[in-house]
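In structure tokens below, several structures.
Below, subunit A partners subunit B and then partners subunit C, in two separate complexes.
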Partner chain A sequence: MIMKLLSGDTPRSKILTLVLLAIFLCLALAPFLFPGVRSLDTAARIAIFIVLAASYDLLLGYTGVVSFAHTMFFGIGAYGVGLASQHMGRGYSALIVGSLSGALLAAALAFVIALFSLRVRAIFFAMITLAVASAVAVLVSQLSWLTGGEDGFTFRIPRELGPALRLGEFAGVKINGKLVNYYLIFTLSLILFLIMLRVVNSPFGRVLQAIRENDFRAEAIGYRVVWYRTVATCLSAAIAALAGSLFAIWLRYVGPDTTLSFAIMLDLLLMVVIGGMGTIYGAAIGATLLVLAQTYLQDLMGSAAAATEAIPLLSRLLDPDRWLLWLGVLFILSVYFFPTGIVGRLRAGK
Partner chain B sequence: MTQVLLETHGLTVRFGGHVAVDAVSCAFHAGELTAIVGPNGAGKTTFFNLISGQIPASAGRVDLEGDDISRLSVSERCRRGLGRAFQLTNLFPGLSVLENVRLAIQAHRGAGRSLLTMADSHHALTTEAMAVLERVRLDRLRDQPVNALSHGNQRKLEVAMLIALDPRVYMFDEPTAGMSVDEAPVVLDLIAELKAERDRTILLVEHKMDVIRTLADRIIVLHNGALVADGEPGAVMASDVVQEAYMGKELADV
Partner chain C sequence: MSAAPDHKPTFADVPITERVAQAMPVLLIPILVVLGLLAIGNPSSWLTLTVSGLAMGMMIFVMASGLTLVFGLMDVINFGHGAFISVGAFVGISVLFALSTWAGAPSLALNLAAILLAVVAAMVVTGALGWAFERVIVKPVYGAHLKQILVTVGGLIVLEQLIHVVWGPEEIFLTRPEMLKGSITFWGAALEKYRLLAVAVGLVLFIAMRLVFRRTKIGLIVRAGVENGEMVEALGYRLRIVFVGVFIAGSALAGLGGVMWGLYQEVITAGMGEEMMILVFIVVIIGGLGSVEGAFIGALLVGLMQNYIAFLEPKLALISNIGLMTAILMWRPQGMMPVVKAK
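Moving on, here comes the complex of A and B:
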């Protein structure tokens, strides 16, 4: 049963199994293990970014296609839910219509981009995605009558998914709509993750790997490489959009900074590379590490700076404002020591 | 040997002012093994590239079983039964030996578009792939990644990938190049077996004269891109044009 769910793709390393199990259990029991608004928010972000990073890995790690438009697809999903909720009124139908139309639009847009560029050469695709993503980001910030511009906009989701709904208490934790919302996001993220795990282990997924390894030979044994690359691109875009929809439902807000910014694109690249390209599981580890670092590194440094107040230079270096510096150092070290990513390193060292 | 499987009509390709393949017209029949010989740079591999579609022809056309395939993509030609093994080993280096062959079988069976089934649950594909690996004696290395294989074993895998496609037309480009003396017979025996099946046609680019003598029914000689001789091995090797244009001394000494 578990093998079927994981599509026969086990972590293949004891430590990796433990780490993944820990991530899974922490996310599944987050509201009870780490009570508090902020930690629940972090858990939801981790769940969503695991899906987003895994969908990027599908493209980058499995198909060998470099795209810079992944956050654009993420944003399309988010704005889909936001706009649908704003114009159709709060309700589940708005969430469903918004998510599905966002995913469809993302897939269609990915199809057009792929059609224009994947035929030529893979590097062309990277450049075109960069151009289109920039154009869309500008468009969203300029069309403020529709998108709220740089500020974005908040919207209302069904009452059952917000803190207004109170269902009592369990194990000292208030059961409210936010908790329901969290489990909705957790469950959907898990399903999307397992679907991607299945896709990369399907005959289709094997062809993608073959194309990554040697597209010339893949074509020569009868695979229409453009078709496979296009389908992978569309699929990856649609899943990114769905992750965006989940993010919008969680935040009850959409804006360029949370969904479209290039900072997120860079984060995504780092998540996939640090976790280990072409493994899907790597995306889970990379996303968890990065979100945790972004959320808690500043706190950690704040307390470290306070503890070293007496030492002149060190306390300056540990100032919470320097957190990006340390994040950078961590990345360089991890890429240097784990060139195949954390998953690659763990699997090789079993 | 009546049925023509593959035929080229005035097949030509020019790179700038250089004519690499010059109006080659030639028919290849079922059950026939044709050796293609010629000095380095004679256009043998380019001729292959034109047939399998890696390079578009400047003029002329290629017919496969009577249909013009000159406009078709490489993958489409392969799906129609034109199989090619490469001179420089050309595999999926990060994947396992079994996976390489299974990908070829899967391409041949048209199973690559299944997104939500598990690849490992397609047992028929795996069984078929293992049968092919046994033929080239690589079955015990099934789980090795290809980049860990010796050169000789990579050459065998290259041949296995071609057999897995089960094509009507086999194109071998120096299949035993760089193989050790004990390894080459596995591949040569295999080619002999394929030939014995009689309903396919085999094109073989080869330099080793002993190989040609034992396997070939027919030799065609390319020189500066043009077809200069075509016929039974004995006759072609003895002909003046070949002696002078290409083999000269080398053959005279044999």
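Moving on, here comes the complex of A and C:
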């Protein structure tokens, strides 16, 4: 049963299995293990970013295509839910219509971009996605009548998913709509994660890996490389859009900074590379690490900067706003020295 | 022994349609300029827009030329190029601040001397930085596109954050040197002095580059290296050293572009290089990877297009560049003047 759920792709390392189990259990029982608004928010973020990073890994790690437009698809999903809820009124139908249309639009856009760039050479894709994503980000912040501009907008989701719903107490934790919302997001994230695991372990996923290793040979064997790359792009865009929808449902807000910014794109790259490219599990570990680091490392750096205040340059280097600097260094080092990421290391050293 | 097959060579002129098709990329610029005149109608505002479009195009070309050559020569795509633009701007503007008495004096010679010193400082720093970047970041990942993209993006992040560390997180506002403020009137059109200077610098640079490429031995080696690197190495040239030289020169040009762009915008931020990279990539793609002439034409097209559209339909300006890129890629999927064969 479990083997079937995991599509036969076991972690293949004892430590990795334990880490993954720990992540799974912590997320599944988060409201009870770590009560509090902030930790619940962190848990939801982790769940959503695991899906997002895994969908990016589908492209980067499995297909060997670098895209800088992944946050654009994430944002399309988020804005899809936001706009649908705003215009159709609060209700489940708005959420479903918004998510599905967001995913479809993302897939269609990915198809067009792929058609233009992958046809010629894969490296075009990186540059063209960067250009398109930045144009979309500017467009969203300018079209303020539709998108609320830089500020974004809040919207209302069904009452059962908000803190207004009270269902009593269990094990000392108040059961309210926020908790229902959390479990909705957790379940959907888990399903999406398992779907992706299924995809990469299917014959289709094998072809993608073959293309990554040697596209010329894959073409010679008789697989149409462009077609496979295009389908992988569309699939990963659609899943990213669904993750964006989940994020919007959780925050009850959409805005360019939370969904479209280039900073999120960099975070995604870090998650996938540090966790381990070419393994869906790597995305899970990378996302967990990075979201935790984002939430708690900045506090740590703040205290470190305060401690070194006397030394002029060092305190600036340790400023909490400079945490991206250290992640960047970590990123370069991990590309050089651990190209297979944490998962690759663990699997090699079993 | 069988007879040789019949062989009847015929000599024919290249038909005019084919000649036009070959020259089409070059012809696009005058076509766009004329279309702009027709659409705008008013000659004096058209002239103003054309000059500012050309100025913008020249500056983008300065930034893009290094990137496209580096790609053509060594198949290295450097996403960190944008960081050199930012670093160049910050170094140059710092020098300009230090020379504020020169820059503030109402003498063109002193103003230009201040700018020249700023540019030299910026180019030296970014050139040195380029050399270090090539050594530390790019060298270990030759031949692996995926890793190149990842690692150079990492380098971009780190350099950008280091700018924050050195110069602080705020944007820096500046004013142009005294004699370059304001504009001159020509046929009823207001032409900003600085933009004229930018056009002149860009043109001189382009002509100088062309001369180097067409008339000197090193230019010959670089062009041959772009065309077929293995052959050049087989002939005994150490392409690797040439490549490092081109990388340094390209980085220095990015620094020059950064100073020019900073003076143009009158504000510099650490993220400016990253923003410019988007335009630079569009230019490099539509020009054809590896082609300096293509990048020149592409940059002018982007600059003119953006200025015309921003005047005619401000809302459309945001996506005009993407539209231009889409149109050109539909027409020529490899870019206008592709040099590098699909590797």
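The rule we apply is simple: the second predicted complex is superposed on the first by the 310 of 350 C-alpha atoms of A that agree within 3 Å, B and C clash if a C-alpha of one lies under 4 Å from a C-alpha of the other, contacts with A are read in each partner's own complex, and residues count from 1 in each chain.
Here is the rule we go by: contacts are C-beta pairs under 8 Å (C-beta built on N, C-alpha and C of every residue); 3 or more make two chains touch, one makes a residue touch a chain.
Everything numeric here is computed off the predicted structure, so don't read it as measured data.
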**Asked** Looking at the overlay, does A:216 come into contact with subunit B only (first), subunit C only (second), both, or neither?
**Response** first
**Message:** With both complexes superposed on chain A, which partner does A:145 reach: first (subunit B), second (subunit C), both or neither?
**Reply:** neither
**Request:** Would you sort A:202 into first (subunit B), second (subunit C), both or neither based on which partner it touches?
**Result:** first
**Message:** If we overlay the two complexes on their shared chain A, which of subunit B and subunit C does A:224 touch? Say first, second, both or neither.
**Reply:** first
**Message:** In this superposition, which partner touches a larger number of subunit A residues, subunit B or subunit C?
**Reply:** C
**Message:** Looking at A:339, would you say it contacts subunit B, subunit C, both, or neither? Reply first, second, both or neither.
**Reply:** second
**Asked** What residues of subunit C sit close enough to touch subunit A in their complex?
**Response** 77, 79, 137, 140-141, 145-147, 149-151, 153-155, 157-158, 161-162, 164-165, 169, 274-275, 277-278, 281-282, 284-285, 315, 318-319, 321-322, 325-326, 329-330, 333-334, 342-343
**Message:** Quick check: in the complex, which residue numbers of subunit A touch subunit C?
**Reply:** 60, 64, 66, 116, 119-124, 126-128, 130-132, 134-135, 138-139, 142, 262, 266, 269, 273, 313, 316-317, 319, 321-322, 324-325, 327-329, 331-332, 335-336, 339
**Asked** For subunit A, which residues count as touching subunit B in their complex?
**Response** 4, 7-8, 195, 198-199, 201-207, 209-210, 212-214, 216-225, 228, 235
**Message:** Using the touch definition from the top, list the residues of subunit B that touch subunit A in their complex.
**Reply:** 52, 54, 73-76, 78-79, 84, 86, 90-95, 99, 102-104, 106-108, 111-122, 125, 161, 165
